[in-house]
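The structure appears below as structure tokens.
Per-chain numbering from 1; labels A, B and C assigned in written order.
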């Protein structure tokens, strides 16, 4: 090991994950032969299935909803400030916009930010983590310093300054910047995992037979920690959604369109609280919580599936 | 007679059914005896070691019993078993390198441990220091954290801690597998010394390394697929093995005794049977060069072929 | 130990340097002209006034100087505590605006972080391996960590503030009161403080409880725990060791969560119009007050870095391995 990690026990990288929902320290790689066994546990894991069900339901709503409720979700379609009714399932806003239409369109934006932001963060985290862990030496030192710097910088504060200067803000740019600021803990966790895998026989064997670094990472190391990588992506996905919602709420959301965070922002700004228009602020927050919560619960389930130690017998 | 194990059956509960890891093993361990317990991984030797001191959550007692100094042990009752632990039965674990709490000074950990077992630290302190010295450790290890000790030092510290209350039975579970060859010998010698000085009455030395066992054990018991295969004095096992499995095991070792150096190093082809549904008859027969019809039909009983020499083989 | 702390200091120094540099770079390299947008915001009609303002802001930013000089001047001004003039509260210096808001944010954050950490760890350790409690705590904890801070704040403001009418839902104290050291005023402060504090506390609590629960289960499986159990040590002793060892990653976790917790405090303040840094950020964004926004950003970064370093010091005290210089660095 070139640089000892912060966590002295075997729990390398665990604590680095947001909200203590990190993949368990011993998240074991699954040998390919055990695929059937993994599936066996997967279809019997309540947490995984429950999380997946909620997530899928919301994803379907996000994909299909806007198709059925086409048209501008911000259009004024009815009387203002109406409570939920058969016509407007989630009621209308202060301006007579349909909250349900905004909700399904907002869900779509939220998934988009999560997938793109989480995806970018995952890619950066993997590249940095793998390279640092596998190459070691000076490369590791430099990448480690970079990771630590980005890690201690409060991401939301950085994003606020950047977004404030952007005249026109889009979901994609928002997701891009979220991805660029939220990768460090993933990089650290992956680095620690790589270090432990690097010491194993099969990597030595590959190295001895003159295979290049990247081939070793892609062929030997990545498959062995694919479960871990997937869980990392899930957590980054959830984290990106929460950061995006905070940005939207403070008023730095996309200039066009709608998102769940923006709905909360509008509701707060137009006094939905004092007017008692609960249908305006309850659904968007519940939507975010349900998506992120289902991701976290799925993650715990996956952890139990991949990590035999955690299985209940 | 320190220990009497009678037809002990301990199974592992798994989702696919019960794994019969220890399937009816009977043996005795005399006072001041060191029993080497050998076999491939998965043969049940570790299960036996665990069953004697602390079964884990998946282990189930499915028959037989254990007597220590003539007293029946409640091995499947975790709470009732606690009375015997440390005082009467103790363990040197496989994982000695990480057996000490990393964030406690060693002396304080020992104090908290013995006092939690109803022993005043002041009463054992003198003996503790004496034994540390005996294994070549300075008293100041007590004021250090585990991370400040080398692997060998940790190993010796654990040895002293485990035997501090002079247990009747000590289980040394693969204690040497993490060490290099020269240290392995030193540790084995030290353990034999503990017996000679009466720190422990008797010992079960679990290992996969027969050559090492041979150096300290009085008797050696070989296990295969949850069954006792052969048990005899160490010299008899090495020089006159009767069971084909023991013979193969001895043959696969290059360094046991000079007379075997001219033999070809031969691994044992094949793999042990699944213990979920073990086959009838002899469990070694698929890998056995001498197997014949009867081996498939009937399980060979453990028979005493010579004084103190037990074999479970139709051809033994 | 000294090496460990020095290494940490180096990282924090580097981070501060990067933060300042980013802060300096953003307005200069972003698309669009910050001066124009500020003037547009000021909505001044006369062309002469516009020109005067433009000249004023340009000299403030120092756009007429070479880039390197701009950068050095930026540092010099910063080290003198000169963060520019607030546009929202013109002509108050940004420094003064921020210094007035900081106590509110600290009063909110510090108790919320410390209490949620202590209570969460305690509860998580208590719930671990107690089947019924564990099964209830786990889903509740995960839902709490998934809850956006501002949403819980809104729900609490609505439920306990608007509907039940127990707590005020806006401001740091009642408008009709003048700040003073009277009991009436302090009571009023506490009443306004409670809901933002409570909503921060609850979300953070869920995260710590789950973290501790997971860590302690891991520790109870550790070799030293098995060894002690084999020697018949009582569960009480083993749990005590496991708890202490599980605390260590939780301390590291506290450092890593600071950014998230600060973000939570910012949005919570926005919900309750609580006059701390979050409220300033909202006002700065609404008024295109970039000096205020960037000043606040620097304050937050410095606060997070100081807190990180304090946590590092605590860590070296509790973990013997860092003291020996054998354990972690990074």
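We adopt the following convention: contacts are C-beta pairs under 8 Å (C-beta built on N, C-alpha and C of every residue); 3 or more make two chains touch, one makes a residue touch a chain.
Keep in mind the model is a prediction, meaning the values are calculated, not measured.
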Checklist entry - Of the other chains, whose C-alpha centre is the longest way from the centre of subunit C? => result B
Item to check | Most centrally placed chain - per-chain CA mean versus overall CA mean | outcome: A
Checklist entry - If you count the contact pairs for each chain pair, which pair has the most? => result A-C
Checklist entry - CA centre of subunit A versus CA centre of subunit C: separation in Å? => result 21
Checklist entry - What is the distance, in whole Å, between the centres of subunit B and subunit C, each centre taken as the mean of its C-alpha atoms? => result 55
Next on the checklist: Rounded to a whole Å, what is the gap between the Cα centroids of subunit A and subunit B?
Outcome noted: 49
Checklist entry - Residues of subunit A that touch two or more other chains: which are they? => result 8-9
Next on the checklist: By the touch rule stated above, which residues of subunit B touch at least two different other chains?
Outcome noted: 102
Item to check | Touching two or more other chains - residues of subunit C | outcome: 222, 245, 248, 319, 321, 327
Next on the checklist: Under the stated contact criterion, what part of subunit C meets subunit B in this complex?
Outcome noted: 222-224, 226-234, 236-237, 241, 244-245, 248, 318-321, 324, 326-327
Next on the checklist: For the complex, give me every residue of subunit A touching subunit C.
Outcome noted: 3-9, 11, 14-16, 18-21, 24-26, 144-145, 148-149, 151-158, 160-162, 164-167, 185, 238, 242-243, 245-246, 249-252, 261, 264, 267-268, 273-274, 276, 278, 281-282, 284-286, 288-293, 295-297, 300, 309
Checklist entry - What does subunit B use to touch subunit C in their complex? => result 53-54, 82-87, 90-91, 93, 95, 98-105, 112-113, 116-117, 145, 147-148, 158, 162
Item to check | subunit A-touching residues of subunit C, taken from the complex the two chains share | outcome: 11-12, 14-15, 18-19, 22-23, 26-27, 30-32, 34, 37, 138-139, 142-143, 145-152, 154-155, 157-158, 161-163, 169, 206-208, 210-212, 214-215, 218, 221-222, 245, 248-250, 252-253, 255-260, 262-263, 266-267, 270-271, 278, 281-282, 284-286, 288, 290, 293-294, 296-297, 300-301, 304-305, 308, 319, 321-322, 327-330
